[in-house]
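Common to both upcoming complexes is subunit A, partnered first by subunit B, then by subunit C.
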Partner chain A sequence: MSDDEVFDAEEVYARASGKKTLFTLVLFVGVLAVAVFATSMGAASLGMGESFGAVLAEFLPVEEVSTFAQVVVLQLRLPRILMAIITGISLGVAGAVMQGVLRNPLVSPYTLGLSSGAACGAAIAIVLGVGVLGAGRYVIVINAFFFSLLTMAIVYGISRMRGTSVETLILAGVAMGYLFSAVISLLKYVSGNEELREIVFWLMGGLYTARWENVIILIPAVLFFTLLLMRYSWDLNAMSAGEEVASSLGINVNRVRIICLSLSAVLTASVIAFTGIIGFIGLVSPHVCRLLIGSDHRYLIPCSGLIGALVLLVSDTACRTMISPTEIPVGIVTAFIGVPFFLYLLVSRKRRWWQ
Partner chain B sequence: MKLKVKDLSFSYGSANTLEDITMEVDKGEIVSLVGPNGAGKSTLIKCIDRILKPQKGTVFVDGKEAARLSSKDFSKMMGYVPQSTLEVFPYTVFDIVLMGRRPHIGWRVTSNDVKVVARTLRFMGIEEFASRYFDELSGGEKQKIAMARALAQEPKVLLLDEPTSNLDIRHQLEVMNIVKKLVQEKKISAIMAMHDLNLASRFSDNMVMLKDKGVFTVGDPKSVLTPANIENVYGVRAEVRNGHMGRPYVMPIEPI
Partner chain C sequence: MNKNRRMAGVLVCLCLLFLSLPVCGEKETVTVVDAWGEYVDVPLNPERIVVLPSTLIELIYALGEGDRIVGRGVGVPAYCPSAEDLPCIASCSVGPNVEAILDLNPDLVIMCSAKGTKPATAIEHLQSAGVPVLRLPSSCEPDTLLPQIETLGLILDKQEETDEFVGFIEEYLDLIEERTEDLEPGGRPTVYFECKEYKTVNGETPMQHHINLAGGTNIAAEQSVKRPIVSPEWVLETNPDIIVVGVSGSSPRTEEVMRGTRDDTRSRPGLKEVKAVEEKKVYTISKKLMKGIGMPIGCLYFAKWFHPDLFEDIDPEAVHREMLQTFFDVELEGVYACP
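So, the complex of A and B:
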């Protein structure tokens, strides 16, 4: 064949890759822009300039800034904004990886029982006041984290007994989800007023508990796990064609599956332990990205994370400002903003994106 | 590359069982595995490709034990085409064929990888599909793309699991012609599990007939496809005529 045509293929491929890279960058800049805008939004009316000043004053000896602005922006808004971003990234990344590794578009941390597991752990800590590491300030967080990972281990263990079939794994996850929900209902039923209120709040999820001390630990952890998962992009691409093809391409399917599921479980568990259940993002971010840039996991994983961050940040900013000083739980806003957008993409695209 | 299977046994449940299979495939040869349902054709293909792990026996590739090779090195030698491919998520044809470069690729796609994919698509006559989405294509086109992916691995041996079973007669011939052209031009070998005895007869150099988990007979199509063998293995009375290019043509009459 002539070299012209080979060259042409290279150019077409380079153009397609360039577009996806550009999309990733646009998302990244979008998240930053919304984050900057969000620092100036809130119950305390501070202008964009004042908010910026407050942030800058922390690092540079610039002009006078009121301590009030500094406290509001640095201690209240900034950690919360960062928390929204990393939570969105975690859920988006974990959703994309879980769907890819299980070849199923309906999978999310929620369907695999991880969220229910975390919620159950939290509810036990709330009602009984004790967790796996005794009592203390972080008892709810640690219990939620532990129960979430325990769920993943149980679900994977059950599927192993049946030769690691994907269907068994998903069904075991759904079943465990129901079991934990039942335990939560039971705990709600027997708990007193105060505890009931706390459980309900936890179940709705929210970012109002964000503090610097948690955010500082979560940022490097989330970035580390995301990068680690991205290393498996090619394996995930190959696995989408089925286990047999993947294994003929030199991939140890079972090994990749357990590594990716464990990493994404840790990723999810570490954020939802702090935020409570935030549904929808883990399921939908990967789909939004697939509709826009296709399924190559090298781009899908980071984009799904960024879409998750964007949706959660916009939702959370809306929920703390819409009827301020009161807040609407973020899960409600996420659904109100996210679902119409997702349904629009779903029906406006001619192509079906899964069979 | 010479492929040798020695005393291979595999069992999983009751349906997929093989006992003491021994066979050889020479370089530049097309070998068909034939036999009734459950005789273990697909299982044998998967055992050769290390998708399934045989309990006993060895596969030798150029005298080297396949099981001792790293999975990456092994996957550079063997390409596998499944019976049918279902992609759950949207991938373009180009991306799917590019997955065949997985054994050769790091994180970045090199210009050589893109060239190999482009050449493969061209070779298969499907370059116009490159940026189409896989789920928009017909069964025959999908089969060609699955073959293109295996080819992009640049394997020495191509393993095909019933490559024509879901195709119309035109696509059957197209796919088989591609296999033939590949084996001739790229000097590789092909092993195919086949249901259609006449396609197998027409396109293979040698046939391995399986019965009751074992090898019943081996040889060129003329010596394998005899009325006696077909009756014995399939339980079907058949006439064997002289077909296209002097290859035997099997006309099944009735089950016995």
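So, the complex of A and C:
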């Protein structure tokens, strides 16, 4: 009798995890499919055949393709599509990990002050140091990256003083976020017209600056940190049952927390330094996944990343093509596509996704 | 001691009273046209003027009356170095500071026609405090430059200087128009103007006027957003004959910066194959030459770049230098355009 039960449980577990694996695979294939589709979409009038031909010609010396098609597809569309995917992955993964570590559904890179920190760094670079186009671009990127990490360090440092309770960490993050927003407002207040416009622009975020040279740096970094974070899935699962439970299972809760938070901070900082603030995805992708497959972090982390990639890629393709050749800032489209989708899941699903 | 101080206080009060008396008296006024085409009366020959837009400060300097300005907005025009020491009484995001303006005790405040509640509130406060405010059309619009000079000439009572200055500008604008107006559509090269990476201008912006006047065709004229970000692949497909990059910054740039910007643009992956890059027709120009007093010079550069054969005899830099020497008594410093 009891043997049967054990057997049943195992089977149920196998079936459930099989489903989740399948879901992850479906998402992965979905991202790939959208990416392929996006390759053939754009302002330039290239047919599907020509677009794919341009990609194929890179690997197989069979087809003759015009240089125009090659430049458009390989130099302009592909880096941007990849940028959308890795940005979505990092925001989704970072969001899932941060929500898991802090056991709070409202946490995202945005609420923890990371985005405001990055924006503040960028604004400082814009107001004090912009000028040379080439150097200027990297001054902003480096500043944004640095300030974003600095925010995390400060937030963690503050919460350390009070014994690293989750609440202090989140509140310190929110407070730092406000402080940096105030600094941005101050910079906007004192800056001239040109700089003001530049700051506003950065705050809107966008992927239109994607280039191979950035993408090449970001892909390995994002993959590396994502895999590293996935190694902590079991720890995060245990922690979601409560700190005491996790500690009694032999997990050094504080250590896991600091490692996971810093890794996700680096992950987020490295992409938003290039793209500007892209909100919403970090907050919502994990919830979408929890609604669909539950909160096992082994699946939640990769799925959340993939959902992030999917939403951002769809939004960015839409914003490239809706009123082309004029582009719409991606944050606007992300919200218009993502919010209804999320609200639909929120009301239609019976699962209690957050416990 | 205490008594002395009280005496001094009384004296100061009396002085202030006497000083303020003439202000209450009848003053001569002059009727001018404001930004909305309405006739308004403003004091003639004001001695203390607060001027917010830097382009208007420039115009007043050009008429030789720069020392009447007692307060300025955020921008300091490059040709008027002495304006830097003037108190700044506004900020870009918050608008004019009424208290600071009143503190300067101006006879006239000149602003531009920027929309929004902040300038409107400031104007209400200033007018209720008895300070006349004149709003002139935004100096970014091309057809407002000459009327603006005329208006300022009327107010400052400087007819001769006004005529000379207007004549100088008109001469060159007419010269460009004469040589480009008969160009066939096919003879007008396609132009892609960029304010920053892939941010361009549509047909409703002042840039449209400059490009059109100089005999070019703006490739983004039909876009629905005024300053849209456009798809790189679209620019590549449109294959413009000429690319002009606007370089921002309040001070003139060094040649290195202008050249660097140009080379950056040329080597951008999506632009390498464009005709303008292949034929080495990528130019950088300071945005200072796109509005106000710089506008005619900017249009000369455009004309020369779009139609080198038609404007062989014109050296925009020399005209620029001449304008600065004649009307501002300063030398041309820094680089404003890079071929």
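As a working rule, the second predicted complex is superposed on the first by the 342 of 355 C-alpha atoms of A that agree within 3 Å, B and C clash if a C-alpha of one lies under 4 Å from a C-alpha of the other, contacts with A are read in each partner's own complex, and residues count from 1 in each chain.
We adopt the following convention: a residue touches a chain if its C-beta (ideal position, glycine included) is under 8 Å from a C-beta of that chain, and two chains touch if they have at least 3 such contacts.
Just so you know, these numbers come straight off a predicted model, no measurement behind them.
Participant: Report for A:13: first if it touches subunit B alone, second if subunit C alone, otherwise both or neither.
Facilitator: In the superposed model, A:13 contacts subunit B only, not subunit C.
Participant: If you stack the two complexes on chain A, which partner ends up touching A:37: first (subunit B), second (subunit C), both, or neither?
Facilitator: After superposition on chain A, A:37 lies in contact with neither partner.
Participant: Quick one: is A:196 in contact with subunit B, with subunit C, with both, or with neither? Answer first, second, both or neither.
Facilitator: second
Participant: Touch check for A:77: first (subunit B), second (subunit C), both, or neither?
Facilitator: A:77: touches subunit C, not subunit B.
Participant: Go through the superposed model and pick first if A:244 touches only subunit B, second if only subunit C, both, or neither.
Facilitator: first
Participant: State whether A:23 touches subunit B only (first), subunit C only (second), both chains, or neither.
Facilitator: A:23 sits against neither subunit B nor subunit C.
Participant: Quick one: classify A:138 as touching subunit B (first), subunit C (second), both or neither.
Facilitator: Touch partners of A:138: none, neither subunit B nor subunit C.
Participant: Who does A:326 touch here: subunit B (first), subunit C (second), both, or neither?
Facilitator: Second partner only, subunit C.
Participant: By the touch definition above, which subunit A residues appear in both interfaces, subunit B in one complex and subunit C in the other?
Facilitator: In subunit A, nothing is touched by subunit B and also by subunit C.
Participant: Which of the residues in subunit C come into contact with subunit A in the complex?
Facilitator: Against subunit A, subunit C makes touches at 74-75, 91-94, 196-198, 220, 223-225, 228-237, 248-250, 257, 260-261, 264, 269-270, 272-273, 287.
Participant: Sort out for me which residues of subunit A touch subunit B in the complex.
Facilitator: 1, 5-6, 8-10, 12-13, 16-17, 99-100, 103-105, 231, 233-235, 237-238, 240-245, 247-252, 290, 294-296, 298, 351-355
Participant: Considering only the defined contacts, which subunit A positions touch subunit C in the complex?
Facilitator: Listed in rising order, the residues are 42-45, 67-68, 71-72, 75-77, 131-134, 188-194, 196, 198, 206, 208-209, 211-212, 320, 323-327, 329.
Participant: Taking the complex as given, what residues does subunit B use to touch subunit A?
Facilitator: 46, 49-51, 71-72, 74-76, 78-80, 82, 85-92, 94-96, 99-100, 102-103, 105, 107, 109, 111, 114-115, 117-119, 121-122, 127, 130-131, 133, 135-136, 146, 149-150, 153, 159
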